[in-house]
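Pasting the structures here.
Shared chain: subunit A. Partners: subunit B in the first complex, subunit C in the second.
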Partner chain A sequence: MAHQAHAYHMVDPSPWPLTGAIAALLMTSGLAVWFHFHSTTLMILGTILLLLTMFQWWRDVVREGTFQGHHTPPVQKGLRYGMILFITSEVFFFLGFFWAFYHSSLAPTPELGGCWPPTGITTLDPFEVPLLNTAVLLASGVTVTWAHHSIMEGERKQAIQSLALTIALGFYFTFLQAMEYYEAPFTIADGVYGSTFFVATGFHGLHVIIGSMFLAVCLLRQIHFHFTSEHHFGFEAAAWYWHFVDVVWLFLYISIYWWGS
Partner chain B sequence: APPSGQRGNSFLTLEGREVKVKMAARLLIRSAVRAATTCRAAPVPALTRGMAAGGIPTDEEQATGMERIVMKAMKEGADPYSMMKPKEYAGSKADPHLVPSITNKRIVGCVCEEDNTAVVWFWLHDGEAQRCPSCGSHYKLVAHELPH
Partner chain C sequence: IFPLCCCSQEIQKVALRSFSSSVRRQLDNKVPQKQKLFQNDGIPIHLKGGTADALLYRTTMALTILGTGYVVYELVKAAFPKK
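== the complex of A and B ==
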């Protein structure tokens, strides 16, 4: 093994970056094919390849770190930088949609009736399901912190329970939001209100699902003894992502649901 | 045929009982000898490991590969993979910069004065200390052991 004179990880050759790039190509061109020729085959193929790539690439990272011990302190530091930079890029992604919302809502055009919410739009009551959703996500932030402390203190049972509870709260949020989407009195096609509402909350919901998947993988790994009380960066990354998702919701709730009503 | 008991086994014969008792006695003496000769000097940590403690392993128990090597070295204060900043030396003849190397030569880049933008590069060979051609600081190659 260590014929290197440094503590970094020179990764073995891997096919997953190539399969990931091919998946991106198939998905995007497949999207265009769907639009023009009404066939979803190429896009679905690309999506399957993407899922396979993600599964195998991240499985390899777990093998390299947990089973082979390649994640030395400098390597872990690099992974931390990576996750922080990724989350920062996601912050900018959402900033764009908030910009769009505020652009349209701070100076509503005559076509909307010169007011916000626009004429004819029945907004959702911010103190009903949206407030419950806020409580659910805040509570999940508490449970994920509980899980972290449990891991650091070596408490296996509590770690598993609190992590499972966090995931359950995540699913509850997704379920409630799906119900809201179904029952909403307006659609994405209802002017700029509908566009900004569903694109912003829709991408947020997608990130909740992604975050829940990440946490679920951590739960499986915790059950299989991958994490130690000192080294559990996969879990920390998932927890950071989850807190990010929670914060985005808080901004959504304040801006779109509450001020925007 | 030897008389057999309710369960029909032969251990209820007088010879059978004798064999059992002899075996038991032998085992007892053997374990007694072992207990008497066991070294009890090192205290065994009771109930502090893995599942007994709380169920989550520690790095001490589970770290492997490079991570384990680095962990062990850091505990002893060693830095085999040069993760830390190099040690500072005066650079004089009496206190030359000690340059660790895994072979018999290494490239040195001397920033003679702070904030200099022109770095003076040269090969440092094993043996007598060499001096920077620009500022004259002394550099000496020292062997660096890698834990393999």
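== the complex of A and C ==
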């Protein structure tokens, strides 16, 4: 059996990039078919394929790292760069929506009444549920840091408790935000205010859900002894992502909820 | 590979167990066994877990191929609208 004379990871051939690409094709074409021909079959098929791809791809990464030992220090460094670059791309994604918000709100047109918030819009009180949401996410940032230190110090039970608490706070945020959406006195169709509000906060909410799922997977892995006190990059990546989600909310809160009200 | 339905029960058991060191259902560290199972032996990583892997792979690939065919059909249909 051949052994490699280097510390890098030559990955086994995998079908998941292909199935993922087809999933993207099906989802996008499915969106167009839904819009024009009122059938959701293609889009749903694409989504199922995407979920199957994500599950199997990331299952394989766990196998390669935790069970086969392929995540040597140079490989881990590459994974760190990758996660940082991905989060940076997400920052630019949100920057676009903040640009749209400031474009419309800094110079409100006559159609809006020449003011911001536009005439007729009842904004949400930033010191009610939005402030609670801010506290919830900030607290979750503390608990995820507690979880990290627990893992590094080999405190298994504390790591599980603090990670579970972080996830619970994430779900609480999502629940509160869903209630706000339901009760809001304006909709996405209410001019540029509605558009910027719901698109920016909506994508943020989606990222909270994604981050919560990532942390939940880390919780399962922590319970199953996958992480060691020296090596737990999956958790670190999830924590970085979670802090990013928290920071985006802070910008949303200051810009849209507070300044924009 | 970890079980998908790791319910809150398990989490509670592990999180709330505190002072008692008496016998209780404990989650054992199965990582060393997994490390043995996934040794390099020519089988690609996405199939190395056994039958379940193969079933899941075949289902995914079947959906991929069917989906590709279906999307080509829908796109061709959309490109030639019936008058």
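The definition used in the following text is that the second predicted complex is superposed on the first by the 259 of 261 C-alpha atoms of A that agree within 3 Å, B and C clash if a C-alpha of one lies under 4 Å from a C-alpha of the other, contacts with A are read in each partner's own complex, and residues count from 1 in each chain.
By our rule, a residue touches a chain if its C-beta (ideal position, glycine included) is under 8 Å from a C-beta of that chain, and two chains touch if they have at least 3 such contacts.
These numbers were taken from a predicted model, which means no experiment stands behind them.
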{"item": "Superposed partners subunit B and subunit C on subunit A - clash or fit", "value": "fit"}
{"item": "Touched partner set for A:68, first subunit B, second subunit C, both or neither", "value": "both"}
{"item": "First, second, both or neither for A:12, with subunit B first and subunit C second", "value": "second"}
{"item": "First, second, both or neither for A:243, with subunit B first and subunit C second", "value": "neither"}
{"item": "Subunit B versus subunit C as contact partner of A:161, first or second or both or neither", "value": "second"}
{"item": "Which of subunit B and subunit C A:151 touches, first, second, both or neither", "value": "first"}
{"item": "Touched partner set for A:225, first subunit B, second subunit C, both or neither", "value": "both"}
{"item": "Which superposed partner A:80 touches (first subunit B, second subunit C, both, neither)", "value": "neither"}
{"item": "Subunit B versus subunit C, judged by how many residues of subunit A each one touches", "value": "C"}
{"item": "Least Cα gap, in Å, left between subunit B and subunit C after the two complexes are fitted on chain A", "value": "7"}
{"item": "Doubly contacted residues of subunit A, that is, touched by subunit B and again by subunit C", "value": "1, 67-69, 157, 225"}
{"item": "Contact set on subunit A toward subunit B in their complex", "value": "1-7, 9, 67-74, 151, 153-157, 159, 225, 227-231"}
{"item": "Of all residues in subunit B, those that touch subunit A in their complex", "value": "51, 53-59, 61-70, 81-83, 102, 144, 146-148"}
{"item": "For the subunit C and subunit A complex, residues of the former touching the latter", "value": "1-2, 6, 10-11, 14-15, 17-18, 27, 29-31, 34-35, 37-41, 44-46, 48-49, 56-57, 59-61, 63-64, 66-68, 70-71, 74-75, 78"}
{"item": "Contact footprint of subunit C on subunit A as seen in their complex", "value": "1, 12-16, 18-19, 22-23, 25-26, 29-30, 32-33, 36-37, 41-42, 45-46, 48-49, 52-53, 56, 59-60, 62-64, 66-69, 157, 160-161, 164, 219-221, 223-226"}
